Amino acid sequence: MLMRDDPLAREKVFRDPVHNYIHVSDRVILALIDTPEFQRLRRIKQLGVANYVFQGAEHTRFTHSLGVYEITRKMCESFATNFPSRAPGDGLWDDNERLVALCSALLHDIGHGPYSHTFEHLFGTDHEAITRRILTDPSTAVNAVLKTVSPDFPEQVASVIAHTYPNPQVVQMISSQIDADRMDYLLRDAYHTGTNYGLFDLTRILRVMRPYAGGIAYEADGMHAVEDYIVSRFQMYQQVYFHPVSRSMETILAKLLARAKVLYEAGAFAQDAPRLLVPFFEHDFTLADYLRLDDGVLNTYFTAWCTESDPILADLAGRFLNRRPFKSVSFTAATADQLPALRQLVAAAGFDPAYYTAENDSFDLPYDQYDPEAANPKTQIEIMQPDGTLSELSTQSRLVAAITGRVSGDKRFYFPKVMLEPTSTDLFTPIYRQFQAHVVNGRLK
Amino acid sequence: MLMRDDPLAREKVFRDPVHNYIHVSDRVILALIDTPEFQRLRRIKQLGVANYVFQGAEHTRFTHSLGVYEITRKMCESFATNFPSRAPGDGLWDDNERLVALCSALLHDIGHGPYSHTFEHLFGTDHEAITRRILTDPSTAVNAVLKTVSPDFPEQVASVIAHTYPNPQVVQMISSQIDADRMDYLLRDAYHTGTNYGLFDLTRILRVMRPYAGGIAYEADGMHAVEDYIVSRFQMYQQVYFHPVSRSMETILAKLLARAKVLYEAGAFAQDAPRLLVPFFEHDFTLADYLRLDDGVLNTYFTAWCTESDPILADLAGRFLNRRPFKSVSFTAATADQLPALRQLVAAAGFDPAYYTAENDSFDLPYDQYDPEAANPKTQIEIMQPDGTLSELSTQSRLVAAITGRVSGDKRFYFPKVMLEPTSTDLFTPIYRQFQAHVVNGRLK
Amino acid sequence: MLMRDDPLAREKVFRDPVHNYIHVSDRVILALIDTPEFQRLRRIKQLGVANYVFQGAEHTRFTHSLGVYEITRKMCESFATNFPSRAPGDGLWDDNERLVALCSALLHDIGHGPYSHTFEHLFGTDHEAITRRILTDPSTAVNAVLKTVSPDFPEQVASVIAHTYPNPQVVQMISSQIDADRMDYLLRDAYHTGTNYGLFDLTRILRVMRPYAGGIAYEADGMHAVEDYIVSRFQMYQQVYFHPVSRSMETILAKLLARAKVLYEAGAFAQDAPRLLVPFFEHDFTLADYLRLDDGVLNTYFTAWCTESDPILADLAGRFLNRRPFKSVSFTAATADQLPALRQLVAAAGFDPAYYTAENDSFDLPYDQYDPEAANPKTQIEIMQPDGTLSELSTQSRLVAAITGRVSGDKRFYFPKVMLEPTSTDLFTPIYRQFQAHVVNGRLK
Amino acid sequence: MLMRDDPLAREKVFRDPVHNYIHVSDRVILALIDTPEFQRLRRIKQLGVANYVFQGAEHTRFTHSLGVYEITRKMCESFATNFPSRAPGDGLWDDNERLVALCSALLHDIGHGPYSHTFEHLFGTDHEAITRRILTDPSTAVNAVLKTVSPDFPEQVASVIAHTYPNPQVVQMISSQIDADRMDYLLRDAYHTGTNYGLFDLTRILRVMRPYAGGIAYEADGMHAVEDYIVSRFQMYQQVYFHPVSRSMETILAKLLARAKVLYEAGAFAQDAPRLLVPFFEHDFTLADYLRLDDGVLNTYFTAWCTESDPILADLAGRFLNRRPFKSVSFTAATADQLPALRQLVAAAGFDPAYYTAENDSFDLPYDQYDPEAANPKTQIEIMQPDGTLSELSTQSRLVAAITGRVSGDKRFYFPKVMLEPTSTDLFTPIYRQFQAHVVNGRLK
């Protein structure tokens, strides 16, 4: 049964706190939502460990993925109504692209696993490659559903996500400096964290978007709404995504998994080995192995590890589950030379610095112009003037110009909280004092 | 170190999407939040399976517990400012009760486990008894922290939760027909489900609450805010908590756990037995066993069971994880006699009715007057007139009167979706047709 | 130029805090908004004097009228998409009705003047008759615009507002127990007063509305959203529209205008007579006279009257402008016999009871079933079951049943605040004490 | 009766859509709200003509003034709790300053008249001087109330508003680059316009504010909340306050009043002269004359002028009341030389360019560092590091640095809409074409 032109008898809706309702009128979309690979996203938090800082951030990649779908659906609807293509090559919207856009939006994150960034870094997994496999591997339910549209539809969706799909409008909907993915996560993360930095006027942005031959542009009288979106994104990175305590919890997670791997390799687990992680410890995993993981699986192992005999593993597992973060200070290239001394002090205070200290760099490029020389050239945001000419956003906005092409973030050094505690009668007090002498106003002197 | 009068150097705040900020100024509260027993609530969803229907309902008992604490803190603050006791027995607020009220609020749900109601029903656990044990058992971190206030403080907190604490104001703050628990969950569940049924004017209710000798009363000019709260609660039960599809997912969960228990008892698990569940299968569990469970642990087993050899276990596990709910119809005492016939039809269609059909009754008493004869007498809501006389709420509000003392809800019969599917070429079509002949407008004829 | 099928080149939007954007795609709608008769609504507050109690209630009939238009537009859009008529008489939606529905929605309040209800009561004006004249009188810009659609279009719009238009779907959109008018004012008044009583789920109601031969019905699975709307409306009446202090300010306004009329008739104005009011004092006004009035015109006279020589006029004008309300007590048929005595006490305290006391009844019928015997039969709300049968709302909702067919409200007696002031050294203290002896808990004993 | 330490028996609250409740516990504040001078603010819109563009902007200076009061009250409460002065000169908060701060906040706008900026420009009135007179002139009710606190209290309040009060903390609460006035209007204007540009985290800013000897500083970990406020303010100016159509309506208002003055001076009014405006036409007005004006008074004259015999006056009055704005183009110093030619074309098209063209410059300095050389030196925003050192905001925030010390805005040229209309058969078409040849993308070429 080919599903390409197979609408539902009546539109279905999903209630959503961010978009109010999410509208589904294609049978294939409903079938994709119902696949095990997609339902699995209900068990993977969108923001990993951020709920340790912003307690409301308990939402998952499932709700985010539906949100990205919904924003993309609204884009298609607006384009089909206001800018329908009349002739091939006229640069307007060809509504035959709708289904590939919707499926790409819905599935763009399907390859994510639990605590993605930390996990990937340690085990060398790659969520983009896995997304591609989920789409194109005949073993998955997602692939089976996509093939009901056409035999090459899975590859088409994969190529949108890989940015190689020929229609730049479709690619930019899903992945560009102002795409449905980013717009949903800013709004959704703001809603759940209870911050308002991520708010911007989605309705207005959708109103001023328009297709053109090169992709998607924004009408000039909506420039400020686009500017506000860029500023919101910048602020969310500074205030939420790069929060020092979130990064602390990620650091602990990374150290915990690293320790588990070392113990596994040494055959030193007292309890059963963590069966579902073994393929990753051994760098030899199947897609099925990967799809079995979620936040709960990892936390279940961490709970078990709290009573493992290795004191470092047990302590780090307890720190992670029970939120006992490391403290941190920021440092720069100029002050980084103090780090060896600080690590020695941490060691002198009784902590193995390999597991109880860490450096963490968090940097983001909030917006950039197109630069063909760049390692990773960005599709810049184009503002369309009434006469049809295009101007790059940062030439129109002083606020955007201020952050264009400049990475934002900081480097931090993490260590146990006790190192910063005020003088007590503790044996180690002289060591703590020495440590504290390096620090002022939350940074290395 | 006794913590009773041990304030933090500077108030701490937790950001919260519902209350904006949660304010903590007592060291003991912070210490309780940091216990493993309390942090564990981050891994237990507040609404169990409701996110299968209202996808945003991914919030946990952790954030709810902090919310209940915050509302109680506001009550204490208002009482201390506006109605401070001047002499024992004057019926006003004694601020020495503040700490026991705050701790009781924070910890009132600490005994909950994963998918509480379903789990309890099957395994005979009792979250209230477990709450008491967590508070009073010397093995827990919670108990250790509470004892820093005074040796009998754990018992005091437990007695508030058990409604036996002598001060009725404290008890009613935490548990009555209009308490901090209900007020937080209505607001929070409304926020995350994206419905507005649960909204009411918390600020106004807090303004018109006042202590009196018998507990807590509400000033007459706030009657409508109290009425609105009762109506909101009624509507949330009808619209969210009793949603037929949520109950379907709970039904599947119950059948799944029941099947697992049967297989365990029969020694029929092909894979390893689910070690963390064994103490519950055997009805012989310790507090530590209980505290090791959370949503993720159960889901991890369910994932494994999807590939178990028992087809019923595997199918039910997949239904639960991948959201393939049963369908249902409502029935009454008058139409219940059709259920045996329906079960036979389900069996004839190839499903074991012991696992593929279920009855589910969901009833709630939205509000009631005090009735000393009742099995579970309620503390009624008292409206205080300007001259100090009290009137029971339902005598003041026609809307509340309409739902007072009357349970609301329905009985539903659950079965596989295919039984309701429109005629096809399926072998079983005649059976489905027979089944469908019993049903009209979502109920048994 | 006929405008019937004359869309704008590109849809225009008006930003609105309640609906976010209001969408206009018909040239005739834009032309109607631009008429002087419609722009005049910017100068007439929606809630008259309610901002004296809920200070944010400063919004006007202009924004409300656009809101009613927008809700109606959404109804038409949903009907055209989901329930398009295929053959005459099939009971589905004929999109040729769209323009008459939109114009009726936009213009339904065009006949309102300043402080409508009070003004009408005193001067015998009738905003419904005036609406009709504005629509159909060739002197108005509104009529000129409507005639560009067709010569009989003004009459068609007028007949919708008069409930005599043949298509009951169009009539019920604009005027029924659940119409675009009420839905907008509940949401808008809630937004501006800052209360949440008026909130309900507009999106869901729009989703479950459907045309049928008899008008508009609501699908059964949306029953609770409709119930919630009815309850919201009931609560707004109780809490906002019938607020005793709003009614006090209305009472003062009525007395003030009555006094002015008496003075005019007596030729006793010391300053110039209030020229723009003279036609109303003389019960002989033209449409142009009426259209010249607005809140500002009346307030301008009131400001002048503060320095008139008549002490009652000057005092009442100052009370109205500077918010010095009368106090009130509620009374019933059983306690009404005390009113003459109370009036005498007010007189004894030095106030003319004709101007300084008043009775005010505020009653509303929140919802009713259809009753052909009733003076003003209501179109009841019909819930459509899956098999197409209709059930009247109150048979489906216990909450609605509680308020169906029963008027809600109270009778209050108004008088100067000093009558309730606590004993002082005032000469009149014995009189005040006598007065106060009649009152307990805000009502007559 | 001295009111300094005269609290109300029980706190009063005013419901407010922006702050939810406004809390009043001082008798003097309630008495000030009840004065005619303050109640008059109910009749003066906060944003003048902005509701012609953002229709919801119908709120008044009354609600804004209460909002400024409420934010100031929260500042005082936080300072009194967290930073109470222990000894004179310790730079902490002396709660004896509370009442002068609250009264200054409440009354800071009391001298505003209708359509303030336009009116002042034409008639040379000065709302700051009038504020001072209302506070200190024995004829006002405000002065009488303030004197109940102490004989010199009116002067104290006036000196706060004039920035000459000795305590810089009090002055900066009311008037600085981040004061209660700006914070309220950004939130309130955002609420009523329905835009979200003006939103920022007021609660967090209040939490990180702290008094020091030089005024008010912000703790370093709240820097981003302060940054967000500055960016919000910048965006509101760009998007709302400087909207070209609002400025068009202001332009029309200015021309209308100018024409009326000319006619008055020429004795050319056909109807009665506008009595309440005469003192202003003659530049000889009393405080009482000024206090008699409000939006409604002016609009009442404008309504009358629609039928005056002077065609320019009548047309401009109609344009203003019925929203028929001029169109505009932006220009720069480089393109300003085309303006004479454009004015000639407007004249050639039949419009008197003195009344039908205008230049409008709107510029704002969104934030600046302290510069003793500046004409109007600003109190810069100080960020306090953990060790107590201060850093000026723009050194900490890249976004703020981008807009520091640089005025934002544009110059626009206004003219009748017909000049931009597309070619028609109009006699003047060649003139319009010539005009349009100067314009591209909304600016002069």
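Order of writing sets the labels: A, B, C and D. Residues in every chain begin at 1.
One rule holds for everything that comes next: a contact is a pair of C-beta atoms (placed from the backbone, for glycine too) under 8 Å apart; a residue touches a chain by one contact, two chains touch by 3 or more.
Note that the structure is predicted; figures quoted are calculated from it, not measured.
Peer 1: Farthest chain from chain A, comparing Cα centres?
Peer 2: When every chain centre is compared against chain A, the largest gap points to C.
Peer 1: Counting C-beta pairs in contact, does B-C beat A-C or the other way around?
Peer 2: B-C
Peer 1: Roughly how far is chain B from chain C, going centre to centre by Cα mean, in whole Å?
Peer 2: 42
Peer 1: Can you work out the whole-Å distance between the CA centroids of chain A and chain C?
Peer 2: Going by mean C-alpha positions, chain A sits 50 Å from chain C.
Peer 1: Could you list which residues of chain C touch at least two other chains?
Peer 2: 20, 195
Peer 1: Which of the residues in chain C come into contact with chain B in the complex?
Peer 2: Of all residues in chain C, those touching chain B are 195-197, 199-201, 220, 224, 227-228, 231, 234-235, 238-239, 385-387, 389, 398-399, 401-403, 406, 408, 440-442.
Peer 1: What residues on chain C touch chain A, complex-wise?
Peer 2: Checking each residue of chain C against chain A gives 10, 13, 20-21, 82, 203, 207.
Peer 1: Which residues of chain C touch chain D once you look at their complex with the stated criterion?
Peer 2: The touching residues are 14-18, 20, 34-36, 39-40, 42-43, 51, 54-56, 58-60, 62-63, 66, 191-195, 292, 294-300, 303, 318, 321-324.
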